[in-house]
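First chain A sits with chain B, and in the next complex the same chain sits with chain C.
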Partner chain A sequence: MDIKIDPIQMHLLEEVSGLHEIPAGAYNIRANGKGIARNSSANIDIIPKDNGTGIDIKIKPGTKHESVHIPVVLSEAGLTEVVYNDFYIGEGADVTIVAGCGIHNGGKKNSQHDGIHRFYIGENARVRYVEKHYGSGEGTGERIMNPQTIVEIGKNGYMEMDTAQIKGVDSTKRLTKAKLAEGATFTVMERLMTHGKQYAESEFEVDLDGDDSGAHIVSRSVAKDSSSQIFISKIHGNAKCSGHSECDAIIVGDAKISAIPEITADCSDASLIHEAAIGKIAGEQIIKLMTLGLTEEEAEEQIINGFLK
Partner chain B sequence: MDIKIDPIQMHLLEEVSGLHEIPAGAYNIRANGKGIARNSSANIDIIPKDNGTGIDIKIKPGTKHESVHIPVVLSEAGLTEVVYNDFYIGEGADVTIVAGCGIHNGGKKNSQHDGIHRFYIGENARVRYVEKHYGSGEGTGERIMNPQTIVEIGKNGYMEMDTAQIKGVDSTKRLTKAKLAEGATFTVMERLMTHGKQYAESEFEVDLDGDDSGAHIVSRSVAKDSSSQIFISKIHGNAKCSGHSECDAIIVGDAKISAIPEITADCSDASLIHEAAIGKIAGEQIIKLMTLGLTEEEAEEQIINGFLK
Partner chain C sequence: MNDADHSGDGGSMLELKNISFTVSDEENRDKEIIKDISLTLEDDKFIAITGPNGGGKSTLAKIIVGIEKPTSGQIIWNGQDITNLSISERADLGISFAFQQPVRFKGITVFDLIKLAAGHQISRSEACEYLSEVGLCARDYVNREVDASLSGGEIKRIEIATILARGTKLSIFDEPEAGIDLWSFQNLIQVFEKMRSDIKGSILIISHQERILRIADEIIVIADGEVLEHEKAEEFLPKLLNDTESKDESCHCWKKGGC
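So, the complex of A and B:
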């Protein structure tokens, strides 16, 4: 397949999906509002929706060790799009899905991508979902991303979500919702970094509906300069289940961070825990690294990199 | 002074304030909507408000090791009252204030006491505030208490609040608000127990406005039967401060518990932590006590008593 992709788009693709070339397996690459490359595999069908609002990804039961890449890049200023992608993961499948969005804005108008991803995960299926968000460009227009991840996990199913907002996203409202059946597991590792005047809001809503279901949400964030962040998580224990949410945030400069977690037990066999901590980097940590020869800025950067892994 | 008090009122008084006789020091005893006994001391003035809505308690600067008792009892069904008590604690004072409300309802109508307590704590003053709530009586009318504690703590001031809802309160909405100046400290130990169809809501709102101010809020609660509880706490770090809130809750039977804590850092030098855990008593703990000869119910009761101290 002949794909037209310019150097800026290629850089965005690398940042959000680690892709240097066309990936193996199934993929769909969307650039400036249009699908520019698509590949289905024997077990994974990628089908554009009839109404043009996104794609359906259908993964056959039992599909093992395959991957789907669906990166989105926007390099044209002023583009605004809402995309609906639906994933149907068959029973017993075990797959990796790599999504991500990169926006380069060199203009005055805002660029915005709202990706709504819905996952229907079959019994005993396992999904590793990796999502990265990245912005670049010297334009005054904002780079806006509002990802939604809506998940239903069937009996004994498993989803692991690894999501990162690396840098350059001016405004984001992230919503992640999950409903878990018996024995299902949902784990999330979120990493967020904001700087300048950026704003980030991340909300999780998890319903532990089935016995022996479990959720484990970890959010790590760094807010620099005069950026602001809000973390909201709601875990509802409606059965014999376990839920854990943890929000650790580092403030640098004049940034503001708020954490509002909620745990609700509607069943006496629910076991729910939340932890949150907000603070700046401990002075001793910085001094320790400075005695090893780093400047204060380098020490701070090294600690932050370690924190966000 | 000659005080008319019946055995039911005496029992309520004992439960909420540990009083078996008229206390030493300053006191004001309110029964069925009226002040029935009052005593000021050399350093502590208790003055009824002109409009009859409550009392002003004025504690002279430097007053040390004195106490104020202001229990309230309601033994008449169908009484509803809102009382405003204001405490002015002079600089450098060190006092203990014991409040508390006991309602005995033997009738069909609801009995309700809403006590709004405002504290103005001077520089370097220390206050230990003890508050107990208790209900009794076989009537179908509800026993309702909505206490509010509104606190302003001056420079290097200190307040320790020990609040307990022992049993028998059908519905409660508790609100505790505190504003802390430089170097001020606010610590809270809340213990709540609900049973039957009782409802309890407890909300904390703390503004850490001054450098080196600190708040430490611990809430322990047990919800039995089909009772329900909501715990809300909001800690705002607006300066170089430290804030910690902790909510531990045990569910027994069909009870429901929700914890919604919020920590917000508006200053990069704020250090805020929240922890919450909801669950039932671990099976092993019960079994361990049962091997020592206790029945399951006795084991459960012993664990709960230990948890609520």
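So, the complex of A and C:
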């Protein structure tokens, strides 16, 4: 297949998906609003939607240990797009899905990618979903991403979501919604760092509808300079279920962070916990690392890197 | 005060000259934590600091490390005045400090911490050696985070492992025995003995444990912010033992004018 990827796009691809070359297995690479490479595998079909607004990814029941890569890169300033990707994961499948979006903006106009990912996870299926967001470029135009992840997990299904936005995204509004059937599990590890004047909002809404379903949402974030962040998590326990959300945030400089956890039990057997903590780096952590020979700045960097690892 | 003779030819590694440390309480009254302490610590010595709680032992250690700045006085390290150096600069010169209550970090693994302590790239097996020395089964610990999931005893031993990894000329331990169970207490004594023969530096330990005092070369008693005694261990220990045998066991008199 003849694919043209320029060095900037290649760098973005590496940042968001760790790819150095075209991946094995199923993939779809979208650059500047167009699919530039696509490959289905024996068990995983990637089908473009008729109206060109995204793709359907269909994973056959029982597919084991396969992966799908669907990175998106934008290197043209001023591009705005909304993309719908729908994942249908068959019963008993066990797959890894790697998404991610990288925007390089060297111009004055804003670049924006709103990716809406819907997951329909069959009974007993397991999905590991990895999503990274990254921005670069010296332009004054903003790099904006508003991802939505809408999840429905069938009986005894499992989804693990690992999401990170560490650098370069000026404005983001994330929404993650999940509905869980009996015995289903949803776990999230979110890592977020904002700097400069960036703004990030992350909202979770989880419905624990089935008995023995469980959700575990962990968000770790660092807000530097004069950036601001809002974390909202709403967990509804509608059955005999367990739900836990934890927001741990570090403030550096004059940043602002709000954490708004909400748990609602509509069933007396629901067991729900929320934890939220916001504060500066503990002084004693910096002191300990300084006694190992690190400077104050190095100590701070180590603590933040570890925290977001 | 019955000072040991420090004017001999042994190089003095660390000299505290007239160190005082005063803090203000809530009502803005000055409280003197350390009162004009002068001490000389020689190279290659095992020195134990003991004395009642609240007497200023930990504060003095923190002043040496640079965590607290003395209100007045000078700290001399191998002839160099380090009173105004930062914690990091003193660490680079060769001062290490094991916290009484070790600090926990989310996301930093035991391996990360030992690597930072070593100050250069080390292999996992090197890190594991340090952990084995403090009696931890290395494979179980090297990838664990130094967070709240570790017990008090575990994190205490990891703290000691970081000091071993640094291997500096002066290692200061603030009550290393606190929170460690009896089995590892024996191990702990061996760690200090091995450390001494391997590193050939000085060890300064704040401790209440007679078994630690017994392996020291010198013992310093600090109470009410002052040095009450600074003696060779062989001179000090018999006095302490006679004292506890003849009188009430729990009650050794550590007041300047007598009890």
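Worth a mention:
Simple rule for what comes next: the second predicted complex is superposed on the first by the 309 of 309 C-alpha atoms of A that agree within 3 Å, B and C clash if a C-alpha of one lies under 4 Å from a C-alpha of the other, contacts with A are read in each partner's own complex, and residues count from 1 in each chain.
The working rule: a residue touches a chain if its C-beta (ideal position, glycine included) is under 8 Å from a C-beta of that chain, and two chains touch if they have at least 3 such contacts.
Not measured: the values here are computed from a predicted model.
In the superposed model, A:Thr295 lies in contact with chain C only, and not with chain B. Judged by the touch definition given at the top, the superposed model places A:Asp6 against neither chain B nor chain C. Contact with chain C, but none with chain B, is seen for A:Lys309 once the two complexes are overlaid on the shared chain. When the two complexes are overlaid on their common chain A, residue A:Ile278 makes contact with chain B while staying clear of chain C. The larger set of touched chain A residues comes from B, when the choice is between chain B and chain C. Looking at the shared chain after the overlay, A:Ser268 reaches chain B, while chain C stays out of its contact range. In the superposition on chain A, A:Ile287 makes contact with chain C only, while chain B stays out of contact range. Once the two complexes are overlaid on the shared chain, A:Ala259 sits against chain B while remaining clear of chain C.
Shared contact residues on chain A (touching chain B in one structure, chain C in the other): none found.
Chain C makes touch with chain A in their complex at residues 65, 67, 86-88, 91-92, 96-97, 99, 102-103, 105-109, 112, 116-117, 119, 162, 166. Considering their complex, residues 237, 249, 251-266, 268-280 of chain B touch chain A.
Listing the residues of chain A that touch chain C in their complex gives 220, 248, 282, 284-285, 287-296, 302-303, 305-309.
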